[in-house]
């Protein structure tokens, strides 16, 4: 038997991949297929799934009621999720780029420490980090207290911001949570750029700004693209940030799905929303990978 | 004891290529390597020499044919059960072990007692002139030293055959020359059969008892240095080992080994052939540049008049390019051994060149 | 990229972003010492009971729920890390070294958890387990406490599922530059396949496996979404517990918990960095 195994490389490979396949099959493929099947089902009076084939759940998502009317409620939720995901991604890029650039241009021996400092907040807990933002953003919170104190010193009167709970608070929370996921890949691609390219650009007469536009930025695009996927995918599907910082008023696709499974007890509709979310994400991701290609940067991050 | 240390009987190896088609790396190779000899497989990259070596080591299994080690067919015997050891091109020293641990590894695998391992490792490192290096790590050693550790690691197991896969390829020229002599000396001392793979013809000629010249997955010629150099059996061997002039012609007469050929430009050349050739056969005459005299010898069988078209001075020797009638080019190599060492001729000079019948070999393939 | 003169604007914005990254953490820690129970306004350093300024920390340690949650979190993280490190390393070896029929499909499957939102995977697993358990319980007539239900087991199995791809990715990167002649050398010197793996291959890829495992451990500790959908009674983790608290009243106990968490993680990371630097 050992002899057979020794000679059969295919069998060796298959045996090594077998547990992974079992796991991916049982906890990824079958669940996704089941979700897909469930998404065509309905809801019984006691909240159980009725398996059947009906497009009702999907029609409901895009606003068509069974009675033939139009209700944009879910389209608004989808639109809000997309807007918030794009806003978050853009803000994160704008903040991550200068910091990644700063680290990449720091003396080599300090780079690891500076990068490490970006990672430390990630190692605190996701939920706890959002909770910290409640303390900062609430009306009597840290932010308003500090500003109020400063304005008071100047003799003025300060009307506190009412940031929590609100969609802005959700945006701030999302940017905070996912900023490190953008900094890492951008840094990785900036760090890889050969220094002689800058010298060549300078030698050819480009000034600092033109060097940035024509050399640095294009060469760091793979990092930006990888970071965009690492940020966009979790942001579009999250429900805790909006749940905690939006005070249950900012409903996103993630919240919609979660509620179907917990409060509303309509798993079939929740499954349809989930499949819809997955397709939406895959389309964006595929567009990106086709357009720019990525993989290496994600691995590096 | 079997007659041969290693015997390859009609072995072939095919690999699946990048697009699924089968690529033949070794084609029907048969070779006998005698006990205690220094045997080289020589050829350009991709000629099948490394694949052949890997089939002896057991890293690859032949698609067809059989490898025998001391008369025993190896079949599908895995590398760790074969009585051979390999010295790798990149040395393959284990980076996470000390030099001592590297050398001891093979003995541990054989279940040699600890006390004996220590003594044999020490002895092996002394043999390769690295005494007391046990505690160091591979990356702290120079290329030449790593090379010697790799040798010690293989030799400490006292294999029946040692396989060396371009072991000197990564060293600089000077070190390589020293190591060549050292390896040859070592082989004589330990008396183990060495099978040595190289693409460097000079290296093969310097060290080997016998050489197999390979190209395109087949063995072209097997013989000692002198045979390979003086009596190449085909144009590839003549060209690959050293330098050769080829003159194209047609056979007009054969008398035993002596052959007369007619060249372009109305020249007649007298040469030697091993095989019998029909009149009118197209053939090449191979002449080594150092066997061409730039001054005519009255008694020489071949004497031609030509014009010098190039003079290249390379220190010990000078090359003269001579254009013969019929537009054939011939290179002559003359040693710069006269006190004044001035060139014997200048570009444009008309000269008479000569070479003997024995210096000219007729090759058809 | 090398260090060159930087524009002061870059430096300034970098400092501001570092401030943004650390402000919430500082706030968290400071409020762990708040004397106000409602934890909205900082009303001065607490000084109560035997523990003085560490009042909330002491209170935390007498809270069985928190201790249970901490125990669950660590149990889940340890088991899922060990299992996913082993399975992920095997997968990395298979994908990097071998050719087999389902290779491309396996690679694609391993990318899915990275490119789809976690909630999709989470509810998929929920749907799967509830269907499986309902079927199983009714088929085998299991009742009461004997029924299969969501709990530590389902959480662990799910954490393993999302950790495998990340471990595989990290270990594959390590295997990418692996010199195969080292393994051939070991076999040439008489080591069989198993000994070769134990003495040569594994020691050389161990740093990769370790960083993969560390990543899996961090992902497991931090995970909320998958845990949320696969947890059951008695398998509450710290993130789930804190989330539950946020919906009721939050006392500085949560801050004390966070402070301990942050310090623990920092110590663990510091030690592992030290170990890494030494090799």
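Each chain carries a letter (A, B and C) given by its place in the written order, and its residues are counted from 1.
In the analysis below, a residue touches a chain if its C-beta (ideal position, glycine included) is under 8 Å from a C-beta of that chain, and two chains touch if they have at least 3 such contacts.
This structure is a prediction, so every number in the text was calculated from the model and none was measured.
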Graph class of chain-chain contacts, one of line, ring, star, complete, other: complete
Pair exhibiting more inter-chain C-beta contacts, A-B or A-C: A-C
Maximum centroid distance from chain B, chain identifier (CA atoms): A
Between chain B and chain A, distance of the C-alpha-averaged centres to the nearest whole Å: 61
Cα-centroid distance, chain A relative to chain C, in whole angstrom: 17
Junction residues of chain C - those touching two or more other chains: none
Where chain B touches two or more other chains at once, by residue number: 78
Chain A residues counted as touching two or more neighbouring chains: 6
Chain B residues touching chain C - in the complex, by the definition given at the top: 57-59, 78-80, 84-86, 88-90, 92-96, 105-106, 109-110, 153-154, 157
Contacting residues of chain A [partner chain C, same complex]: 6, 9-10, 12-14, 16-17, 19-21, 23-32, 34-35, 38, 95-96, 98-99, 101-108, 116-118, 120-129, 131-136, 138, 140-142, 145, 176, 179-180, 190-193, 195, 198, 229, 233-234, 236-240, 244, 254, 257-258, 261, 267, 270-271, 274-275, 277-278, 281-282, 285, 298-300
Chain A-facing residues of chain C, complex: 1-4, 6, 10-11, 13-14, 17-18, 20-25, 27-28, 31, 39-42, 87-88, 90-91, 93-95, 97-103, 106, 109-110, 112-121, 123-128, 131, 157-158, 160-161, 164, 168-170, 172-173, 193, 218, 221-222, 224-225, 228-229, 238-239, 242-243, 246, 250, 254, 257-258, 261-262, 265-266, 269, 273
Chain A-facing residues of chain B, complex: 61, 76, 78
List of chain A residues in touch with chain B within their complex: 3, 6-7
